Amino acid sequence: MKERILVTGFEPFGGDDINPSGDVLAMLDGMDIGGYQVVTALLPVEWGTVKDRIEALIREVQPRVILSLGLAAGRPEISVEKVAINYTSESKDNAGVIPEKRTIIEGASDGYFTTLPAEEIVEALRAEGIPAKLSLSAGAYLCNYAFFCAAHLTKQGGGRTKVGFIHIPATPELAAKRKTSVPSMDLGRIKRAVEIALRTVVKSFQNVGDEEGF
Amino acid sequence: MKERILVTGFEPFGGDDINPSGDVLAMLDGMDIGGYQVVTALLPVEWGTVKDRIEALIREVQPRVILSLGLAAGRPEISVEKVAINYTSESKDNAGVIPEKRTIIEGASDGYFTTLPAEEIVEALRAEGIPAKLSLSAGAYLCNYAFFCAAHLTKQGGGRTKVGFIHIPATPELAAKRKTSVPSMDLGRIKRAVEIALRTVVKSFQNVGDEEGF
Amino acid sequence: MKERILVTGFEPFGGDDINPSGDVLAMLDGMDIGGYQVVTALLPVEWGTVKDRIEALIREVQPRVILSLGLAAGRPEISVEKVAINYTSESKDNAGVIPEKRTIIEGASDGYFTTLPAEEIVEALRAEGIPAKLSLSAGAYLCNYAFFCAAHLTKQGGGRTKVGFIHIPATPELAAKRKTSVPSMDLGRIKRAVEIALRTVVKSFQNVGDEEGF
Amino acid sequence: MKERILVTGFEPFGGDDINPSGDVLAMLDGMDIGGYQVVTALLPVEWGTVKDRIEALIREVQPRVILSLGLAAGRPEISVEKVAINYTSESKDNAGVIPEKRTIIEGASDGYFTTLPAEEIVEALRAEGIPAKLSLSAGAYLCNYAFFCAAHLTKQGGGRTKVGFIHIPATPELAAKRKTSVPSMDLGRIKRAVEIALRTVVKSFQNVGDEEGF
């Protein structure tokens, strides 16, 4: 059986009725990336549910890679996140809940770097005409929360599962509904960006394999 | 013979080797818009040449509409310009020339409004999922210069030729080459935006016609 | 009797309880600028009132210069406006009123340039360590409205009265109350900026006088 | 003898000839903050020197608090940094050197949270009319580098020394020299911001003391 790559996206939030990070999943599901099979999952925008959901997904899918996607309306390019932090803002989720504590997981590290080759992904995207940059903050809302939980849980699980997060811009359809000026990227290009990112990840496994003499 | 719509774009400038306002012309040339034929022309980024070039185009093409396009790298959406002003910045063109005077045409009005239905174009674009806004400044570089010349010359010519200017965002391919963060829009969507704008213009003629009992 | 300079500011609007463009007036009122006396007036943020108020002020004060000030929260520097346009947005004023027409004064020009030496003011401010730039749009709200009315009325009156508009940033006190990130400038520095602007204007009169052999 | 607070700033860099983070030190040096004495030090903008310099300062000053300051030209408000990361960008320092490795200290944690009450400092500043926000990224240049080194070294030293970093905006004098639009804050207000931050820190010690029954 093929090894699997888990790609997650989020439900709409904050008054929008669409979220391209969720919409792109259907375009990726089942795809083969260098011998790995893409499996997708939609995450709720709820502090109380996301951690358990990710834990269950890790158990069920046993992914070699978890790449989570989230919407960063306002950012003009694909941002590949470098670091997840053990911190939440006092912001309401879709259920109207504000997390009681600022710390996500007591006793965990303050920050975890992505274990995906973030800089190489940025380079690969730009080489293909997709605006991209390395981002040093995934914020303190549910995107960072999911990223931190995945990073912590997989580290606890031995670290074989590689973890990363990509923030995507709004789509033009979403931006056209907003009253303020919001940069955008077509969903097709976003899909292609995720695919290039995953190919870069899989290629990095093979390079390591070569070096290690597998 | 069909009446004609003149769409102009610009050559690359400022260190870029592409300019989507010029690249989109080939996708529009020869198109029929509600019975009008699109004719296109590429303008040089040169203070000394643009006015004569527009004057010659008006004479040769005798367009019912002039819609000029220009690149506004940094703006995230289609911006439909409201006003052209009789003013230039002290900036070098592609020939390295800075215009001697700040005034474009001595004795002309300080400003001319577009004679296209700018607000309706913005609405039509947004309704079709294309981020767009009304812009109150076309700057003081060659975009405003071309817009002002076209507005002045057609007004002198009796005003039957309607004139407008649309600033377009960078394309993803262009943004991916820049070192700083630049919002972008796909060339295909830009082309569609220009088409919707022109359809809105032609429709406004017909509405006026209806009202006037043609 | 000394000739007079009229400086206007605005009442608070849009949910703020302070407006530095009004607050600065008390610091300027009565000041002597190169032999001219500064007179100040606070304008209401109301479409229906501003034009009559400016007309009355011109009659009563008979100013040699009108410099209107307005708040542009979000702009980081002093912006010296180049042009007023004959156009209003569909935005509510403090009385909850949206203007019926987009045109401010039927039959007036589409745009009027400031008759103050805007570029020289920008240079003088920067030379004194005050961030400043020439702005090509005063927007389409009450700032542009007041600027356009003053420009039109004084032109109708023969043009001896010179007219300009300066947008000022939020103050730190105002910015600290906002939820979003807003750049700011100290009220003392704003006051100094207006003073430098007025000195530059008065000096330009004297230069013209010298040249003309007065 | 009084316990000490170490405040550091940086030399000018990146083409500027002033750096307000260094200029403010003279205004703070020797000040008493709730019984603590402020000691200041200017850091070089050099990858190869900063870590040793901080190590030496900790040894010599034995500070109860290290608050480092750095310039973030472009940010409009005081930003109190939440987290230092074990990462450097490939950027030249004042000596023209790019660090060989992306990792600052091998074997250290990926991220360290500030041990100052960052959220309380932000609140205290805003209450005093100083625009401020919590920042989730100190970047990957020498500011983050100094912050990370101080956080790591003091943690190794037992954690009694509390560590934080504040990014300050450009001053108006600096912004007025730039060609692009840069928000600013007066040096006097920046000085007051640092003082309020330090008072908040010292007060937090006393609160802890009270609770612990000292």
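First chain written, first letter: the chains are A, B, C and D, and each begins at residue 1.
Criterion: a contact is a pair of C-beta atoms (placed from the backbone, for glycine too) under 8 Å apart; a residue touches a chain by one contact, two chains touch by 3 or more.
Everything numeric in this text was worked out from a predicted model, so none of it was measured.
The minimal number of chain-to-chain contact steps leading from chain B to chain D is 2. Comparing the CA-atom centres of all chains against that of chain D, the greatest distance is found for B.
Two copies of one sequence, chain A and chain D, touch each other mainly through matching residues, since over half of the numbers at the interface are common to both.
Just to note, of B-C and A-B, the chains joined by more C-beta pairs in contact are A-B. The geometric centre of chain A is 39 Å away from that of chain B, both derived from CA atoms.
Averaged C-alpha coordinates give centres for chain B and chain C that are 31 Å from one another.
Looking at chain D, no residue sits in touch with two or more other chains. Taken pairwise by the contact criterion, the protein chains form one closed cycle in which every chain touches exactly two others. Taken together, the chain D residues at the contact with chain C in this complex read 75-77, 125-126, 128-133, 169, 172-173, 175-177, 181-186, 189. Interface of chain D with chain A (complex): residues 82-83, 85-87, 102, 109-113, 119, 136-137, 139-140.
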